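In what comes next, subunit A is part of two complexes: it sits with subunit B in the first one and with subunit C in the second one.
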Partner chain A sequence: MRNWNIPAVAFALVFALAPAVVAQSPQATADNSNSPPIPRLADGHPNLQGLWHNEVGAAALRQAGLGDIHSPGVPLPLPYLPVLDKIREYRLEHDPYHDPEAHCHVPGVPRIIEQPSSIMPFRIIQDEKYVTILFEYVHDLRIIPQDASPHPKNYWAWDGDSRGRWEGDTFVVDVANFNGRSWLDMDANFVDENEHVVERYTLVDPNTIAYSATIEDPTVFTRPWTMHLTLKKNVSKDRIVYYDCHEGERDVDHYTRSEGNAASKHE
Partner chain B sequence: MNTKRIALAAIALVAAFFVSQRAASAHHSFGAEYAFNKPVTLHGIVVKWEMINPHSYITLDVTNDDGSVTRWSVQAGAPSFLYRNGWRKDSVKPGDELTITGYMAKDGSHNVFGQQVKLPDGRRVLGGPLIGGTTFDSPDSPSPAKKSDQ
Partner chain C sequence: MSISIAIPRAAGQNAAKSYSPPRLSDGTPDFRGIWQARTTAYVNVEGHSAQNGIGKAESIIVDPPDGKIPYLPDALKQRGDNYKNREAADPASNCFQAGVPRAVYLPTPFQIFQSPGNLAIVYTDNHAYRIVDPSTIPHDDGIDFFMGDSRGHWEGDTLVVDVTDLGDQTWLDETGNFHSDQLHVIERYTLLGPDTMQYEARLEDPKTFSKPWTIRFLLYRDKEPGARITEDECLEGADGRWHHLSPSDPRAVLHHDYEAELAAAAKNLAGQGKP
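Let's turn to the complex of A and B:
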């Protein structure tokens, strides 16, 4: 009990009341005159390079130890079309076994930024043509051209296809061509193959990126919705450490039938 | 602890309870596999220490009150999490006597999510990032490893 303090209490309450807080959360912008100048590459674009993590998730771990759960910037509950919210509820209650991430698939976008990256960092490498994101989590990799080129046809993937462009100092990434099998989180929120994401990365100070992702999926949601996250640069000597999901995976064996594992050996 | 502090702590625990029903580790749902309402403390002898992905495991033999021995499998965090908290491959070895606090598996098997591990030298180290664990500046973590250990 001695470890509880007022900041931790405040954080826990904010976390628990996340949906109410989100509506009032201002989005950070790059023109904050109180912030130090942002670093730039020779081409004039903001230099996004470095080792980053989802700051809110890290704060959750630091303050309340609650693990890898939703950031306050996720506007729950999501605006599902009629009946589809019931599907989510059923999956959450009876079928967490089928979360693709539990079976070691890559998380998809924006889940890779929101959830695993609150525990495991990612590194951004940037030149004049590409922004590349190397994730510690399951070696996930995104190589994003900056030329606003069109998405390919007849191609789909767990992470979709990412095409970037600069709008002023904000790097905007259009992501499409998803395979439609991803869950957005461990709460069984889901999308289908019509998912379309627009991410925005804005360097607001040398160590902070204001990140947002607008998700639209007309066959799942009634309207587009946006999550806002704060990404913080890790300025220590930390680095990407090897992480592999398949090496010694034993968890899904322990999911019971009531959680969707029809082959459970323990019931 | 004064009344105000107790009240704040109570509020925090309630809030933490509600959000931790959704808590999860990096790749699987904690709540789908382990029971928040079944905390456990194990004291036993290490049989095997596996610092592997996606989760590390300590196999522990625990002597029961009747003299019989039960073999437990204790899940700990990913090597990357443990490494950042000062663990190394030789942090635990067979024959070590450990006390581990954590949570029982929901399926009734002898599997446990190891939240905190008390090493033979008395240090308390984090086993995983959930429920009171931290990955950054934890007061329970050991001192950073020596340079020669990096």
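Let's turn to the complex of A and C:
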């Protein structure tokens, strides 16, 4: 114990645990008299509207690199099933263009919240039926009904299908129906079509959302794992600057057959 | 409703404007919902004969009265070239976002989201969206976007959207009707009833057209229970062209055999003389 850097450990623990505590007791947080009251819509739910970004911090970006998952609490390396960890290593070393983002595809969940939004913001528009998230990054978007309606059948998408509900003041989003092609980061961490994500958005003060995403994928990971992020209202920029990625791209040679290239050179 | 400003309606609009739409808490008309055009103007805004499963269509151009785009002579020639090369030259074949107004009459639905102070239009096609910020915020200068830069204000119960910063990388239809980066579009959205909306757009582009011209058609609400906008993502295929493939069943294309993938990887590396 005496060899531990106590402040660092304590800091890490607080950083890792605080959002989880927040997520579990949103009412207590909202009632915390030390924080300014959170804005609410006419229906009483917290008002999540505004322009937001993932506040990962420049130091963390430098340390982890732009492409890595840099979220407190994420167990790295991720708990892959046997063999799949080797697949990840191989792709990372020898097949980086397997990354769908290299082909300008929408990133999937939670990558769209975690990665590009540290440098490109997203805007939330909310009414009593939907929370709609419009991302600057590759004009990705998520339309999230608040009625906890069931996921559709026979539907598969890069961003899956999102269904939301309110648990107290926390907006909980269940995401399934993924197409199985997404990577989680540029480090070749990946999921397949059995990915299932539960996101929690808790407005802890007018300018801060405590975000968590629990990822389970029984055919990729040995157990579910959770990332925690702090999303900050963007005060330096007032709106989205539309960003398109793929104009003129001709990257077909980089595609493997699994990405839809029947004549892949990777076979 | 205090913020609605009554302005005499412009000439040329039809008379069925007595409908009083439902309103948001701030008094603005409620345009929320999923909408879609039934016109097949996406083939040719000037109208087209019956073809390949699509019925004949009249021009959606209401001004000039002949229903033809008032091209400048060089632009008319360019339109002809576009038509000849349309399959490869149409920007949509690169999965570029459709632009304005083409996105509005595509054969796929779009959804309007609204809350006091916020309005966004989300299109199925290529997951394009437009945020219609209030016209009190000036347009961005010196930058072009596929879907332009939209600013809205209310004239009575009509939503008027001023669209600039449109580039020259979008067309108006599959026939090769086109515009330059000087295109300026003024759109007017008016609810005619609970499930019907009139769309009108005036296009001016002094580099391409001899005078401004106007299109008008109806949009219809999708009342199917559980209707929603589905993801539309393009994927570049083996032929080097982009195809609308999402949503697609992963079981049809993904065949996870990680042991085999590793074995193939090892063989591949061995062939390259790597460990």
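Keep in mind that, in the parts below, the second predicted complex is superposed on the first by the 195 of 267 C-alpha atoms of A that agree within 3 Å, B and C clash if a C-alpha of one lies under 4 Å from a C-alpha of the other, contacts with A are read in each partner's own complex, and residues count from 1 in each chain.
Following the convention adopted for this analysis, a residue touches a chain if its C-beta (ideal position, glycine included) is under 8 Å from a C-beta of that chain, and two chains touch if they have at least 3 such contacts.
The structure displayed is predicted, hence computed values, not measured ones.
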- Go through the superposed model and pick first if A:G164 touches only subunit B, second if only subunit C, both, or neither. neither
- Message: Looking at A:A42 after the superposition, I want to know if it touches subunit B, subunit C, both of them or none. Which is it: first, second, both, neither?
- Response: second
- Message: One more residue to check, A:G108. First (subunit B), second (subunit C), both or neither?
- Response: neither
- Message: Quick check for you: in the superposed arrangement, does A:G73 touch first (subunit B), second (subunit C), both or neither?
- Response: neither
- Query: Now for A:V241: first (subunit B), second (subunit C), both, or neither, which partner does it touch?
  - Reply: both
- Query: Is A:I119 contacted by the first partner subunit B, the second partner subunit C, both or neither?
  - Reply: first
- Could you say whether A:I143 touches subunit B, subunit C, both of them, or neither, answering first, second, both or neither? second
- Could you give the residue numbers on subunit A that contact subunit B in one complex and subunit C in the other? 238, 241-242, 244, 247-252, 255, 259, 264, 267
- Message: Looking at the complex, which residues from subunit C come into contact with subunit A?
- Response: 25, 32, 94-97, 111, 113-115, 118, 120, 122, 126-129, 131, 133, 137, 140, 143, 145-147, 169, 226, 228-231, 233-238, 240, 245-251, 253-256, 258-259, 261-262, 264-265, 268-269
- Note on the structure: In their shared complex, subunit A is touched by residues of subunit B numbered 1, 5, 8-9, 11-13, 15-16, 18-20, 22-33, 50, 52-55, 57, 75, 78-81, 83-84, 105-109, 111, 129-137, 139
- Task: Provide the residue numbers of subunit A that touch subunit B in the complex, in ascending order.
- Result: 1-4, 6, 8-9, 12-13, 15-16, 58, 61-62, 64-70, 96-97, 99, 101-102, 104, 115-116, 119-120, 136-138, 186-187, 238, 241-245, 247-252, 254-256, 259, 264, 266-267
- Listed in rising order, subunit A residues that touch subunit C in their complex are 41-42, 49, 83-84, 86-87, 90, 94, 103, 105-106, 123, 125-127, 130, 132, 134, 139-141, 143, 145, 149, 154-159, 177-181, 192-193, 219, 238-242, 244, 246-252, 255, 258-264, 267
